[in-house]
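Letters A, B, C, D, E, F and G mark the chains as written, and numbering starts fresh at 1 in each.
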Amino acid sequence: MIEILISIFIIGGCLLSLIGSLGIIRLKDIYGRMHAATKSATLGVILIIIGTFITFMGRGTLLFSLFFTILFVFLTAPVAAMIISRSAHRIGVELWENTQFDELHDSYPEELKPERDNSKAEEISTR
Amino acid sequence: MSLTLFAVLLPFVAAIFIPLLYKWLRSVHTGWFVFVIPLVLFGYFLTFIPDVMNGNYYYHSISWVPTLGMDFSVFIDGWGLLFALLITGIGFLVVLYSIYYLDKKREALHNFYVYLLLFMGAMLGVVLSDNILVLYVFWEITSLSSMLLISYWYKREASIEGAQKSTLITVFGGFTMLGGIALLSIITGTLSIQEMIAQADTAVNHPYFLAAMILILVGAFTKSAQFPFHIWLPDAMEAPTPVSAYLHSATMVKAGIYLVARFTPFFGGTAEWFWILSSFGLITLLYGSLSAVRQKDLKSILAFSTISQLGMIMSLLGIGSAALYFDVPNEIYTGAVLAAVFHLFNHATFKGSLFMAAGIVDHETGTRDIRKLGGLMTIMPATFTISVIGAASMAGLPPFNGFLSKEKFFMALTDVTEYSIFSIESAAIWFPIVGWIASIFTFLYCAIFVFRTFGGKFKPDNFSKHVHEAPIGMLISPIILVTIVVIVGIFPNIISPVLLEPAIASIMQGVPQDHPAFNVDIYHWHGWELELFMTIAVVVLGSLLYATMRKWENFSIYQRERDPVNGLYDYGLKGLVSSSKGVTKLQMTGRLKDYLSFISVFLILLVMYTMFKFDAFGLNLAGMSEITVYEAILVLFFIVSVLAIPFIQQRVAAVAVLGFVGFYIALFFVIFRAPDVAMTQLLVETVVVILFMLAFYHLPGLRKEKDKPTFAFPRVMISVAVGITVTAVALGANAYQQGHDLIPISNYQVENSADLAGGYNVVNVVLVDYRGLDTVLELLVLGIAALAVVTLVKLRMKEGEDL
Amino acid sequence: MELLMSISIGVLFMVGTYLLLSKSIIRVVMGLLLLSHGAHLLLLTMAGLKQGMPALVDRYDQAFTDPLPQALILTAIVISFGMTSFSLAIAYRTYKFHKTDNLDELRGSNDD
Amino acid sequence: MSMKWKTNNLLFIHITRVTAFLILALSIYLFFAGHNNPGGGFIGGLMLATSILLLYLTFDRRKINKMLPMNYANWIGAGILISLLTGLIGTIVGKPYLTQFFDYFTLPFFGEFELTTAVLFDFGIYLGVGGSALIIILAIAEDT
Amino acid sequence: MFELVMDIGLIILSISVGLCLIRALIGPTTSDRIVALDSFGLNLIGLICIIMIQQDSTAYVEVTMIIGILAFIGSVALAKFLERGVVIDRDSH
Amino acid sequence: MGFQFLINILIMLLWASLQQSYHSSDLLIGFVIGAIAVYFLRGALNESYYMKKVWALVKLIGLFIKELVLANYDMVKIVLNPRLKKDVKPGIIAVPTTLKYDWEITVLSMLVTLTPGTLTMDYSLDARTLYIHSMHVDDRQKVIDDITNSFERAIREVGE
Amino acid sequence: MTNLVLLPLLIPVIMGAVLIFFSKNEKAQKIISGITMIALLIGSITLFIAVAVNGTLVMELGDWQPPYGIPLVIDRLAAFMLLVSAIVATSTLFFAFKTISPIRSRYFFYPFFFFLLTGINGSFMTGDLFNLFVFFEVMLISSYILMAHGSTNFQLRETFKYFVINLFASMLFLAGVAYIYAATGTLNFAHLGVRVAELGQDNILNVIAVLFIVVFGIKGGLFPLYFWLPRAYTGPPTAIAALFGGLLTKVGLYAIIRMFTVVFNHDPDFTHTVLLVMAAFTMILGVLGAVASYNYKSILAYHCISQYGYIMMGFSIFSPIAIAGAIYFIAHHSIVKTALFQFAGVTEKITGTSDLKKMGGVISSHPWLAWLFFITAMSLAGIPPLAGFFAKYPLVLGGLEEGNYIVVAVALFVGLLTLYSMIKIMKFVYWGKAKHDEERQKISVRKLLYSVAPLVILTVVIGFGAEPVLQFTTEIADEILDPTIYITSVLGE
């Protein structure tokens, strides 16, 4: 019985992780991929950890420290998402053509507004 | 230490004090202190004569480097004593001469006399050592001191070049000889020359015998300036004249002769020994005399003359060695040896005096160029007289000692035609012909030497200084020498029982001492024998050539002073340097990738060759752990990511992928049950990624790589081969492991970790306990690296800011 | 599994060597990094893979995996870390003063 | 830098304040755990460096240098010395160098615990590795 | 059965990891690669958890924590470098 | 001070959980280590925080978990959607917030990121405007309202 | 008694670490370094005597019986090497005191120096293969930074190459450790010796053996693996170049000697022939580089290579006399090459260059320098009765005894070329007309010669007094040719 529960958690988590990765592949711009990475992968890993916790609980070990992994993931995922996407935006990584509007770009000071060109994205900042 | 040993070392000991004496007693010419030493030694060695005359020898030995069989042993027999007397006798004369020759104010006398004493001691060591390796030690010191003396005026280009050339050639010979010595010691199991000689009968059959002979001879030939090694000697004339007189005519150049004679009992009696010595000797004789004629420099004439005379002695030793072929020798064969020994002595006297005369001319006129000289007969009568006597003796004219030995020489050459050994028949006729032609030219250059210098008109404009006769001090030594020339010329038998007979006895060892062949009785009149006609013909033809000199002295061959063999040396040296440059440039390209390519190719070839040779390939799939599906997927992607790295053109991207690779590896560590390693890997990998980023601040972006087409393919091939090699050896080692059930040492560590080390994490226990040293050292490495980074980043010095 | 790992190690050595033969300083440094990965994995692989539990000897009463290579790898990793740091520092300093990261231009004259 | 981005790093700063401490605690834990569980001086030391690195990443050098005015070079020296000198304990009692000692003690309230020289040894490693990693990072970072 | 589920989970995650890798390789921008790396870290945690179950060993708990932290720090450092050209600022920004 | 205390407790728990033993001794050691850590790094903490409304927090967490699950459902829909181009219309919008404290904004931006369709990308310099990337910006105002109505309110409750 | 073993290891490493704390105080660093160095010298001498009298000393670190822990093993060979190391290092340190700029001491020059020494000494002492790797790394990382210390363009460029090549070698070393652990399950030299003997040295074991030839060959500067060496040795401060030239590369050679006596001694027909061929090429190509070069230090560096060839030749001939010669050669070369590099430095101070073509006539302004150089150079060229001769002759003799004619011929020819390039230096630098100006002619270098003169005296002394040294190296040769001695002293009966 408990094994079924664990299996659900684990497989669910795995599938979510897979969805996240698929999103990273399928979605058309970095910002969309960022969504996939932060949401699906995060929940995916949390589910797996819970499954693991239960497993070891069943075997007689209370692995509370696993929850610290969850804590770390929770704390860091949004920060990473923010910093990565912000940096991408600032160096001019292209937005998907479907993107409706870009108010962040509008807020940039004129002299710093990047040209949106993937091929030049890395060079801009490091020159 | 016995007195004899000390006698050999005395010059060295004295040499230590010379600089001090020079410094403290500037007002006295340092030469006076030096003078005493050879004089005392000469006297000392004279005391050995009675004993040695009676066929005894003196031997004393102390152990020096027994591990190598080196004993510092003094062995004095007739042959050695003759040399010891020459060295010390000519030695004090030369020092005396030098006192007047070298100005005490202008010259660095402390250097000069240190070198000279160094040489003297070394030369004594060469001729008195029974241990061949010790002999070799002294032998090389003579080369070295010769170099120092030639380069004495080190600011002159020619001196330096001459020093270099003489050293290279003589030390080349020396090193070759060292090989021969090693072979001799292998053949005979001893380093004592006398013990070797005792084994001569059996040694001749040893496979190394011939090789040892040739190697030893190369040493002797270079030292004694035999063709084609002779070229160093004329250039050595850059040394101050006392040196030329001493080293480069009387003593050092005869070290080769000494050695050949010393080894005659060992090598003699074989066809090779006979042929090599006699043919090289005769060629040198002829070549030297022909070359001497062309020279315009007094000392050069004498140098080539020395070469020629050394060749003559060498050929005589060769011819004489035939005596040892027979169990019972007869006079025919030993006569040559007598001629050799006698001429050796004579040459030392007349050539010494001639060099001193040439030095006087040089000293007083400032030049040695015979084209500038002339008419000095009246201005320098004493010098003239010395020169005439010396030259006449050298030319083989009676009643001087040179005549006697030259006669003996002719006799030996004509005797060869009667030999019937060593398949000599067809060649024998060349021996007297060559000797005779050479003698004609000898006569000729002697004439040139005397008459071009002292005859003709005196041309004061040619000289930078006022020309007058030398001071008496400078004349004493040459006068003593020509006196000997004359006395021995008239009364040869004064020296023959005293010096010559014991010497010949040493060379002809194994031949019964009371044999009539040893009765050295030198007399002037042999009757109207062939030798006398040859001498007369020499005088006639020589005079004729000198008389017609104006006719042929414009021939281009006569004009060319420089010995063509030098071309070989120059070409060789130039070729050496340029080919060295070529070879070095080829490998030391300065390109890291070349170096790594060479290293990798070597690695691949060597390892793969060994794999094939020892059939070390192996693949034991059964013994391996299973592969699960997900692992296969992981490995597949891992390989893809690694393979992708070279293709990435953006540096941050490349580092990101490197991070992937690092994290993958951490995952592998987890899969393979290494949690500590996995954690370390993760931490390190992250910090490394950050370090890359930090460094990128300073670094440029990646550029697309374009190898030259010639390198692109090898690069791939080398890389692939390295990969294959590593994998192949890994699989081989794994299969080997499966095949041998060895218990690894870690079993013990696992079993005892908890009980003996109080830790349950065996990896950590291994780190801090079993292998604590590794761990603290690894910290040390990291710490040094950290300090190194700080240093690299913060310290920047200019080239040459300190040493 | 040893087979797969051996191949992976070969690939790491291959690509590492390939990068070492590059003209670009930074690629060389990356090559070194890959080589060190290869060497570390090799240490582990050669001891035999997946035989027993992690060597934490209080928890299980069964076979343990060989801890010695793991300790060696740990040491090697830390050393490699130091070396990589050094290589980065010297790489960028070299670039900075020579104004080039092209190793072909860093040959030096022949007689210095 | 040519770019003059003004940035509000609110989220990052707040999260760092929490995580840096957690990492530091984790580092200490891993150090102590090492003898019986995965961890040890190296890992702990690197974690220590990581936690301080995170501070540097989030804030700036001036601020952190002021907050943690450390001479990391001395950490290295001290770390090496501690490890090396711990090894000498053995030689005093006639055992070979680097012999480690351990014993189990029981204290009221704390229960049974283990005292071992290996921990002291490992502490040297901890300190040295932490100092080394930091000094490397900071040296390159400061070269601007 | 339970074993099989775990195996399937591992396979799914391996593929997931592979997808991240593909994104890292094809880019096109470095930012994409960083996203992939970040996500890769999370997947790795999942993988290790399942491996823990499979090996029946709790030895890797700390590993998962460390990955959580380090993937974060790595991604942030990369992103910060992209954005500002430096990883550690000299002064406040 | 409370914030520091929170961290201290967190560290203590971390310690204990790592030890996998929850005896008083472990908690004590954990607490001491936490205290040391906090003391050591106290310079980085210059704000104080008083924990008040645990219940509000629980509610916030509940809301968050709900949103997180929804977010993933949303993500699955997007990722598996064969007609991405037609159905997904992303954009970056500026969302002003009325929250006062920095920590509140911090939490808000975290929650935004972890919940459906939205991702915090940047702040304005005063941090009172969030720039949010949303996968569905058909109705810009609705996105803003969702955030202000649900999260902001829940956070404010915890904060007051 | 056994604690003596620790001295050559702990003195430099502890004091090196202590010196880190004094990085801002140059004077304190010098005082501490000087005292440390002398203590190390005394320690090494004491240890040497102890080992010479009592035989091999073994310390089982951590009280773990071999092969489970790491043993420090000082047999005669190791004690000898340690003594040579201390002598050379002492001379260089005191030379460094007078030559290096004070700013260097702020950047850990002295700690690096002692850490380098730690690595070198440790490599001589360790009885464990992996520990040898670690000591190598200690030595190498110190050498990298000392080589680059000061960061001139030249240094950075050449250090980078040196670094990469050596790191490549280190990775191969690790690979070798991995393979050998797979094949034998142990890392302890003595235990490896036992196991290889049991297993029979063929198949993969020979492959591993040649892999180690490559690894140590790179570190030891053998053909065709030495490319990093010549320029790397010309860039760093003179004191360091001297230490490198005298000592550093010997460690690689030592490792070969250790490895191929204790462990891989069962198939010398194969392994030692490989080494012999490499040695021959090393000798000749090294000396050709010297012939081609016109840079003082560079000539010396190239000679290092050819001399390593000699040492390897002696070892790979594998007869007692040749090995005794090779070990004598190590001592000889260490002393002589250290001195020569210092002469190069002193000469550079006078002339301001190390380009031969820009120098001349130094003998007239600095006769003592020239004479000391001359003696040393002649020793290098193997002119008797200086040490070089006694190093060379056993190789020649041994080589001929074993029938290796070609390599003996090469050795003798290379000796001649060595002489040639020493005369070249004499010719260009010391003889001829002075090219350095009046001011430079007045530079006093007397103080600089104080640290090198003892080395010159030593090369004379161990030449004239070759017997005790040769006797000792013969004992060493006998000892290492019978690996059971080493094995039983480590593992017990």
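In this text, a residue touches a chain if its C-beta (ideal position, glycine included) is under 8 Å from a C-beta of that chain, and two chains touch if they have at least 3 such contacts.
Nothing here was measured: the structure is a model prediction, and the numbers come from that model.
Using mean Cα coordinates as chain centres, the one most removed from chain A is B.
Counting C-beta pairs in contact across B-G and across A-F gives the higher total for B-G. Centre to centre, using the average C-alpha position, chain A and chain D are separated by 30 Å. Mean C-alpha positions place chain D and chain F at a centre distance of 30 Å.
A straight line joining the Cα centres of chain B and chain F is 86 Å long. Touching two or more other chains at once are residues 20, 22, 34, 36, 42, 61, 63, 65, 68, 72, 75-79, 81-83, 85-86, 90, 122, 125-127 of chain A.
Counting only residues that touch two or more partner chains, chain F has 14, 18, 20, 109-110, 120, 122, 124. Shared interface positions of chain C, i.e. residues touching 2 or more other chains, are given as 20, 25, 28, 38, 40, 42, 45-48, 53-54, 56, 58-59, 68-69, 72, 74-75, 78-79, 81-83, 85-86, 88-93, 97, 106, 108.
The touching residues of chain D, counted against chain G in their complex, run 73-74, 76-77, 80-81, 84-85, 88, 90-91, 95-100.
Remark: chain A residues 68, 71-72, 75-76, 78-79, 82-83, 86, 90, 112, 125, 127 touch chain D in the complex.
Per the touch definition, chain G reaches chain D in the complex via residues 2-3, 6, 10, 13-14, 17-18, 20-21, 23, 59-63, 108.
Residues of chain G touching chain C in their complex: 130, 133-134, 137, 141, 144-145, 148, 151, 153-154, 156-161, 163-164, 167-168, 170-171, 174-175, 177-179, 181-182, 187, 231, 234, 293-295, 298, 355. Of all the residues in chain D, the ones that touch chain E in their complex are 1, 3, 5-7, 9, 12, 19, 23, 26, 30, 33, 37-39, 47, 50, 53-54, 56-57, 59-63, 137-138, 141-142, 144.
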